[in-house]
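Consider the two complexes below, in which chain A is the common component and chain B and chain C are the respective partners.
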Partner chain A sequence: MSFRLKLMLPLLAVFTASVGYPLLYAFYLSLTNYKITARYNTRLVGLKQYIATLQDPNYWNALQVTGTFVLLAVFIEFWLGLFIALALQKQKRIRNFTRSFLLTPMFVTPIAIGLLFRFLLHQQLGVIPTFLDKFGFSYDFFGPGKALYSIIFIDVWQWTPFMVLLLLAGLEGLSRSPFEAAKVDGASAFFTFRKITLPLLVPVISVAVLIRALDAMKVFEYVFAITRGGPAIQTMTIQYYTYQTGIQFYRLGLASAMSYLLLIIVMVIVVILFKRIESTRKNP
Partner chain B sequence: MRKLNKVAKLAAISAAVAVVLAGCSSSSEETATDTGAAAGAVSGTVRVLMEGVPDTDIVSGLLADFNAEYPDVKVEFETASYDQMRDKYVASFTAAEPSYDLAILDNPWVGDFAKAGFVQPLDDLIAATDGYDYADFTAPLRAIGESDGKVYGVPFYNYALGLIYRSDLVTAEPATLDELAATAKSLTTADRAGIAMQPQKGYKAFEEWGNFLFAAGGSIYTDGKVKLTTPEAKKAMETYIEMYKSSAPKNSLNWGPDDALRSASSDKSAMLVSYNWMLPKLNNPDGDSGALAGKFKLAPIPGGKQVLGSWHWAIPTNSNASDAAWAFVSWISSKSGESKRVTAGGAPTRTSVFTDPAATAKDPDYLATILKILSNAEPLCQGSNCDEMITAVGTEINAAFAGEKSVDDALAAAEEQANKIQAE
Partner chain C sequence: MTTLNSTRFKPTWTSAGNSLLILMALSVFLPFLWLSLGSFKTGAQLNNPALLFFKPTLENWKEVLRSGVLESAYRSAIVGLVTVSLSVVIGSMGAYAISRYKTGGSSTRFGILAAQVLPPAVLVFPFLEVSYKFRLNDTLFAVIISHLSFVLPVITWFLIGFFDAAPKEVEEQALVDGLSRFQAFRKVVIPQVAPGIGAAAVFGFVLSWNDLFYALILAPGNSATLPVKIASFNTFRGVELGAMCAAILVAVIPVLIVSFFIQKRLVRGISGGAVKY
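Here is the complex of A and B:
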């Protein structure tokens, strides 16, 4: 065995134990009818759980809800994050304080943020509805057609700082010479932003959006703490639906199949995005 | 000779391994002996996970009395929120080394846990315990703890629902669903809603609407199958939705029991459908109701029939202290234990406690109403897969509520899903 391989062995061992085994076991479960309360009846059922998942309209609804959540949340977080990062780049005074202060929401666990907003937006107890009431406005933050957008707003509040962090690091790492050349040539600020800043920032943007999108796809805590998937199934995200199926309804075999199908979808998206990043890097 | 030594060594090692394994198996699981052991003979530590509710505090306060009779049994309470309880119990039931020796089961869990073999049948223990009088528990509560003709749980406390109303605002208790709707509407003002509702998706929506269904003369099961495509169910749903629009606090689609209780105690709602033991909480002079304390009254749901919920004591199959666990359960749920518990403010489960002077002394009217409620009450689900069935029906009710589906479509979908889930 080569020295390089030997050096990799500890990592491979940890990876196999912590990632490989659960993945393989979940795959095995997805091929069975395993139910926690009927373990005595467990048997291999082939692809039955996968077919059942694909035929389940609630699964497709959950995918759609999650997709909407990810697209909207990441879109807003990116543009808002970029705007704040550009502003912070120009900041001259109390830079460190502003930056650490802006990052605070990111350091709080999402379940606590979920509970915080549950009460902030609560009709009886919440500061925000009370404030709106004073001006004669009434808005049901978790009502039909609105709950998903409230959840998106909460995600934007918590995770825009993450975008700011990555984009600011990217902006500060850019070479100054193209910007100075543009300034000498009399380019407008918007032209410089569109033709120089954005193209140079593409690798950082790709990674930031990819990481945030993958993380947003795991949205669970806000739904668990506030809406439980409701009204009806309007905020039933894929993670909450899988949790409900596997843990609340004991159907671990079916939930494993749901997770594997999601894994395949995510892998496809990641591979496509990585290819795009690679091609952008080669042909900027 | 050398070969013989090897064989002897092998045999000795095998025997030792067998002894160790036998020791392990006997120490990891202990099924309760069916002798109804005498107080002095029982010992052990009983670990139990309880919900953080007033009834837990009441039981906790009686532990000193229990230990006066059973000095060698130590009961250790761990409290958790409702959301955590079932998962913690399932983890313990399926673990090689359990975390809990005694369990409390919410009514939808009993059928599944009994079928899964997670909890022990208690029939022999009940029969062997002198003076236990199992038949004294009210019939609907007994039925919840039974599965396939065996007793898997004995009642801990009931959470049957009733109508709680402000006696200074409601002049006559509504006797029908239409009267309830009319009363709620007439009580609605700019500052106060007629009724605080709890249409939160899932269990809560079904739990509240189930009462409306019973009030409309309907039922959840017909000939052993869920039957919700009935005129009574449609009327109940239409009234439920209309009442929300006309008489409930605005933006309360996501509300549960705590929100409704808060609304009533802060003079923002005149009525609510809630658990019967919420009444003492609302009428507590030192509680959240302030000057409103004492003005709340409890009545059966119009029509007389209501949704029943309950918690039951059960002994896990893998309990390490089954005898000690039963010693505690048979003490706290005995007639005298029930009397002490109800006197301290616990929710009653036995018929005899309603004529017990100590238990009824504080508020005889309240206990008389609970007896009426318990004598005509039914759980939301019977049989297996109850959590899933209740969630499915509650989601459809919420969908009709949110205007996503018509009443007919929601009821048809609820019926179809419920029967499919329970047939699996």
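Here is the complex of A and C:
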């Protein structure tokens, strides 16, 4: 056995056990009518669970909720993160401390952040509503039509630092010469930002947005901690809906079909965007 | 004219930037401040969120110690340490093979990248099913296997980048000097990337420490890890609210301390060379 194969073998073995095998098993489960409460009646039902999923309006709702969540959250995180990264780059004093401090939210377990904000924003007990009350505003952060935006706000609070981390690294890796040339030509700060900084940063931006978007699709903890999908199904994200179907309603077969459809969507997005990023990398 | 312009504009941009940073620092700081205060408040004091000065109570912290938060922190630490140790040993060997010998070509690299974006909902039901079959449900073993599914790819991905960046000359010299290839890998290559391995290990540990989804489904009861335990404080009854604040702090403090030390290397790892052009 060759040296490199010996090195690879443990990785292959554990990878097969912890990723490959479950992936295949999930596909098998998605073709059965498996229910935890009726496990001895399990049989293959073909694509029935997939058809049921596609005909389920709640599944489409979950996709829509998750889509709205990802688009809005990542959009805000990107622009906010970009401005913070620019400000950090220009900052003169106590640089290292500011950086470390602003990045802290992304290291905290999301369930803790969820519970923290559940309480901070709670209508009767929360600091923020109490504060708003004093100025005569009343705002129910987790009420109908508002809960999803509050969840998005929490995601922005926790994950903008991640954008900052990547964008700042990108900014500091840019070559200085185009900026010096722009300065000599007397270009305004805004012009420099739009015509030089942004275009040069595109490769980094696409990677950062892609990573963040794929991660945001997995949103679960905030919903679990705060709304449990409500009011009605307004914050029912795809991960939470699958969890509910599989764990609370015991329908592992159906839940597996749901997650497999999601997997297909995710993989299509990854492959398309990956090819795009590769092509911008080749001809910048 | 141009110098005039830039001197006139520069201070406004800089002060706008600094104001933004101060605002952001406050928005990070205040929730943590509230959390720390809340962990020393009594139930009645918690009903008044604007209360800043009060006589602190240690009741919440005692309640946290009674309710087994420390035990679940201990379990989380075990899961994290075992997962990360396995991942570092297995991942560094594999990453070296992938980086130096291009094992499997670009499809191996893509496979490792793709494993990181798998929705956890796909893998969790098979884990649950198999752990039922072997009567391993509600054990740390099941949680460790599931955590390997995302920690191992991340650590391997980090390490591929670090091995790619390490110079080849030293290890070639070691081979000339009569070391076997495995000795050269262990005694020459590994020390070169040791700081990177450290950062990857800490990041992997944080990922495992923070996971709720797998742990909640695979071990919701007697083997609850820290995030699962914290989730169980989800209530609005006064006493438990203060305890919840304390429990959250138990989860937050170690991670915050650790995160301060690895941030610089983290950038290179996460972006996997994508940031470097």
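The rule is short, and it goes like this: the second predicted complex is superposed on the first by the 277 of 284 C-alpha atoms of A that agree within 3 Å, B and C clash if a C-alpha of one lies under 4 Å from a C-alpha of the other, contacts with A are read in each partner's own complex, and residues count from 1 in each chain.
Rule of thumb we're sticking to: contacts are C-beta pairs under 8 Å (C-beta built on N, C-alpha and C of every residue); 3 or more make two chains touch, one makes a residue touch a chain.
In this text, all values refer to a predicted model and were calculated from it rather than measured experimentally.
In the superposition on chain A, A:S188 contacts chain C only, with no contact to chain B.
By the document's definition of touching, neither partner reaches A:S150: not chain B, not chain C.
By the touch criterion defined above, A:Q244 reaches chain B but does not reach chain C. Within the superposed three-chain model, A:T66 lies out of touch with both chain B and chain C [touch as defined at top]. Contact comparison for chain A: of chain B and chain C, C touches the greater number of residues. Of the two partner chains placed by superposition, A:T197 touches none, neither chain B nor chain C.
After overlaying the two complexes on the shared chain, residue contacts for A:Q158 are found with neither chain B nor chain C. Of the two partner chains, neither chain B nor chain C is touched by A:T32. Once the two complexes are laid over each other on the shared chain, residue contacts for A:T53 go to neither chain B nor chain C. In the superposition on chain A, the residues of chain A touched by chain B in one structure and by chain C in the other are 122, 125, 247.
Within the complex formed with chain C, the chain A residues making contact are 3-5, 7-8, 10-12, 14-15, 17-19, 21-23, 25-26, 29, 83-84, 86-88, 90-91, 98-105, 107-112, 115-120, 122, 125-127, 130-131, 157, 165-166, 168-170, 173, 183-184, 186, 188-189, 203-204, 207-208, 211, 214, 217-218, 220-221, 224-225, 238-239, 242-243, 246-247, 252, 255-256, 258-260, 262-263, 266-267, 270, 277, 281, 284. Chain contact summary for the complex, chain B toward chain A: residues 87, 90, 94, 112-113, 115-118, 200-202, 249-254, 259, 262-263, 266, 268, 384-385, 387-388, 391, 395, 398-399, 401-405. Only residues 1-2, 5-6, 9-10, 13-14, 16-18, 20-21, 24-25, 27-29, 31, 34-35, 38, 46-47, 49-50, 86, 89-91, 93-94, 96-98, 100-101, 103-104, 114-115, 117-130, 145-146, 148-149, 152-153, 156, 181-182, 185, 206, 209-213, 216-217, 226-227, 230-231, 233-234, 236, 241, 244, 248, 251-252, 255-256, 258-260, 263, 266-268, 270-271, 274-277 of chain C touch chain A when the two sit together in their complex.
Against chain B, the residues of chain A that register as touching in their complex are 36-40, 122-125, 129, 138-144, 147, 226-234, 244, 247-250.
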